[in-house]
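Below, subunit A partners subunit B and then partners subunit C, in two separate complexes.
And then the complex of A and B:
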């Protein structure tokens, strides 16, 4: 391609210009400030004092941070345990070319993923309401012994959060599994079937290994997302300050938001931001190690 | 034997459809409940799960349904303004971010210049950084730029879509052959025209997907506008609904009407553009 007329030197910069300008101001510079801020204490955005590593020292001993950390980890593990089998199960049910209405089922299962967190959380709050909520009213109507005052949002915070997340994300994860199932080698399934392998063994020895990389990716996405959960509990437990009674619904990102933007300490919020980032980076490295850089 | 097999197979199919319908029902019931609740008066929440029973058609007391919730949302509460704000912020962001992202991706993928590799690595590196890390320093910056509580304060950062540049770079590496660009240049075609008339049409699926991701991301964004915007007249739906929830927590009908108004446009768009939605959302998604 040496014969072609080269472009002028300014051309790539013309195309990169608008992005780079925004990137420099709103990504690169804040990133630099995020380092400096984590070494400062601020009183709102205007007043700041350098305090060295004290934010991180304090964080390690901050019981509220550890509460938030524990809640976030519990939510993440619970989400994985509930959503992955459910998503894979639905995908397996749908994975039949002859199935009628396949398209419509997929659409319905996917639809909750469209709803913004605030809207989903508002809906969830009312669904879990005492007396009038869909769940308490419905269960009481089905079985009179169900207590219509069952305190989902007061005493069973984590359960209600996990159920709401299950509703929101199962269909979303299912789409990935469904795509992966299309690529399971049909000849191997057939060969296994001729060799007399039953349904269970075919699944275990052929299907599962071939969808494993996608599975790993879905787990990674799900863990990264769950670690940043904030709006769902914040709105669901708005009545109890967002964190719920005894902060049992407090999450890492919610704590960051509260310290930075309600209490006004952007420095401590940045320190929390770095810890969250480190956790997520560690997770990505772990995933790469486990999959040995295999791309899907 | 084969007779038995056919029966077993039939039963299996029935079971399959029953399971699928059951789970589809479970997924859809909250939506259905939301829609019916939006038209109910508060008292009827205690006497009926979906629609109030009565002597009317299908055993429903249709005359007890009400549009009051919507009337209050639009007459007494700033819902119309919030809807307009959401449409405005999401449209401007998605057009701006897509244009900047596509141009940036083109610049990184189809030109050779010094520092390209380093720049690409930097952009990719920041594309995977979690957004929460930037919340505090960005807020501080926007405060110092005197852009707090302005639309610009929310919109300008949207014009730096690192992840979008990454997606468009990939799309252009895969779908835009260098030869096309070079022969257009030989024909004397201007650089800007090459980009808009030749390159962009070749990555149309990515444009559709990215417009949708951004639109949906902004429509559903809560933290961003919650931090940057303050005046009631500037708030989008997500923040407005959260404050309704705060102030009218037990006004079930009102809240469900507000949620319905907030999600209906998205559901409508989804039904129109299902394919683009699903491929867009699964191409790079973050929960928040």
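And then the complex of A and C:
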């Protein structure tokens, strides 16, 4: 049988061209410019002075950057510790065929991911208000000793941020785990059951290894997303100057935004951006090393 | 062999062709549609409360100046800041005249002086005698490196509002209160409930409240920057101030409690009498207290702030707005005429007071009898006169682009000293001063390092 006619050499380039052009203009060139920019101090794009590596040098001893870095790491670890077990637990629960209305519950838990982030953050702010906020009001109603003036958005910024993120993202991560759970080989589960394995052993020895690649991917997505968290804390902490007391709510991207787009120092913001990029690349490489390049 | 057209069409699916056609068509459409340039002077404001008066003022101006029509636009404060800075950085469209609030103006002064996006009004103000006509301290937030970039909208002196009904019921005489120590001593009986527990507190405030911190610091004579805009966070006077203020918030002599200024819960707590006193600027009276907490009508009175030391300052300042002209405005002359009309007109000053409770910075208007009218909300006190009497005593404020950073760092020290007092059981201000000084030294170093890396500021720390 005659094979189809080979394409002319230009055909792949014709199809790749639009992407390559867009990539070059909107990704590659800005990245190169960001390197150059990180060696300058600017006041907006128009006023600039070359200062060599001083932005990076200052970054290493900038307490605000390290506060933002520490907050971001705490948020990332807290998110992982709270969201992953919650998402997996919900997925296991909602994967049970015997559960009535599970499709409805899936939608309910996923629904926070469907609403706009600014709207969600505004709602979260109202929920954590003193006196009238749902959490303080509810806790006070349940336990009269709870102080209805509990300052979630002043002294417990990271806790409130973690709780808001838990509400927003658990359902989203749950969907990944649900998809993975539906691909767990039924014959292996059945074989384990025949061999006398209980529910816990089946989960530990069959289900968990099967969903581990997806779990690793969800962790990677969560880490990358947590390191880039911006809108949620920006809106929630707007009233406390963006970072709150001791900048406890300041994240790396918030600091980058304030530096670059409010103070106009695009050079320093680029330096922060590059450090964040290198961090994320490092985390991806670490993830690949830990999973030994295992595909999902 | 297929026709060339058929071959070309076969390269993409019908749906993909539809996308291509839509993309090309919409691009051409966007390129062809001409957005008409805005007509007349563009005037941006951020405060919805200012809008009703400005609508009337602009209508009157437009009636008298058919060739220089003004178009008023209300924009959210954060959006205004971002559009303003985008314009200064990249030349995106901006209004000819814009109202700018003090907390968002800082970044506009962070670059070289010749890159400030507002028209330098210094010489014009001097030529027209406005430097003398307008309350001098009111220029300070809009002055960078000796140049003035805006006409002040207000003075915003701060007074103390207190629950006159509770005071009268307890038979307390407030006429001899001159200092904060007097105030807390005289009002102390109001704190105790029937069972001896603390029923209410004497003043509104909490350690992480930046507003109260800055208001009281300025009143006490402290400052975060000197006249050359160099940071002075660790001045000994500031350490003494923090040590004293921390004892308001913790320990056996605690007198303050948190009560949010702008939320329904805060209003509810104020109305229920959880605090006796509240720091109030003129705008808070006109725009928040009276319209949002009508239940307090006839229950509050005003007095000058008790001083930190006998004979000390009896007021402070909170907030502030200026009217600035964008340097990119093609009609700077008309913009200046409009700015003068809006901010310096005597009728406008009185309308501003009657509508929003705000005292004008134009001193010649201060004699107007409108300020002497009794206000039933404050038990018939002449509220305008009380604010006007303190207007010329408001403290100078900085325009440093690093002010927000400095006040945050300063307030963090207050939070830490308060926690230190609670932890160690030291509630004597004198014993807290060394810790306050140590923390302020660290905060000063932090703020200095941030300012020090800005190569554009001609004044280096």
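In this text, the second predicted complex is superposed on the first by the 270 of 296 C-alpha atoms of A that agree within 3 Å, B and C clash if a C-alpha of one lies under 4 Å from a C-alpha of the other, contacts with A are read in each partner's own complex, and residues count from 1 in each chain.
The working rule: contacts are C-beta pairs under 8 Å (C-beta built on N, C-alpha and C of every residue); 3 or more make two chains touch, one makes a residue touch a chain.
Everything numeric in this text was worked out from a predicted model, so none of it was measured.
Overlaying the two complexes via subunit A brings subunit B and subunit C into a clash. Of the two partner chains, subunit C is the only one that A:49 touches; subunit B does not reach it.
Partner contacting the larger number of subunit A residues, of subunit B and subunit C: B. Contact with subunit B, but none with subunit C, is seen for A:226 once the two complexes are overlaid on the shared chain. Contact with neither subunit B nor subunit C is seen for A:77 once the two complexes are overlaid on the shared chain.
In the superposition on chain A, A:241 contacts subunit C only, with no contact to subunit B. By the touch criterion stated above, A:286 is placed in contact with neither subunit B nor subunit C.
In the overlay built on the shared chain, the residue A:115 is in contact with subunit B alone; subunit C does not reach it. Using the contact criterion defined above for the overlaid structures, shared-chain residue A:263 touches subunit C, although it does not reach subunit B.
Touch criterion met: A:129 reaches subunit B and subunit C at once.
With both structures placed on the common chain, the touch criterion links A:93 to subunit B but leaves subunit C unconnected. In summary, superposing the two complexes on chain A brings one listed stretch of subunit B into steric overlap with subunit C, and the stretch in question is 184-192; the others among 4-12, 184-192 or 256-264 show no clashing C-alpha atoms. Subunit A residues in contact with subunit B (one complex) as well as with subunit C (other complex) are 45-46, 129, 131-132, 238, 261. Taken in their complex, subunit B has these residues touching subunit A: 16, 19-20, 23-24, 27-31, 33-34, 37, 45-46, 49, 99-101, 103-104, 106-108, 111, 113, 116, 119, 122-123, 126, 128-141, 143-144, 156-157, 159-162, 165, 178-179, 182-183, 185-186, 191, 195, 216, 219-223, 226-227, 237-239, 241-242, 245-246, 249, 252, 255-256, 258-259, 262-263, 266-267, 270, 274, 277-278, 281-282, 285-288.
Subunit A makes touch with subunit B in their complex at residues 1, 4-5, 7-9, 11-20, 22-23, 25-31, 33-34, 37, 42, 45-46, 90, 93-94, 96, 99, 105, 107-119, 122-127, 129, 131-132, 134, 137-138, 141, 167, 169, 171-172, 175-176, 179, 221, 224-226, 228-231, 235, 238-239, 253, 256-257, 260-261, 266-267, 269-270, 273-274, 276-277, 280, 284. Those residues of subunit A lying in contact with subunit C across their complex are 41, 43-47, 49, 51, 54, 58, 61-64, 129-132, 149, 151, 154-155, 238, 240-241, 243-247, 261-265, 268. Those residues of subunit C lying in contact with subunit A across their complex are 78, 81-82, 85, 88-90, 107, 110-112, 115, 206-208, 210, 258, 260, 263-266, 268-269, 401, 404, 408, 411-412, 415, 446, 449-450, 453-456.
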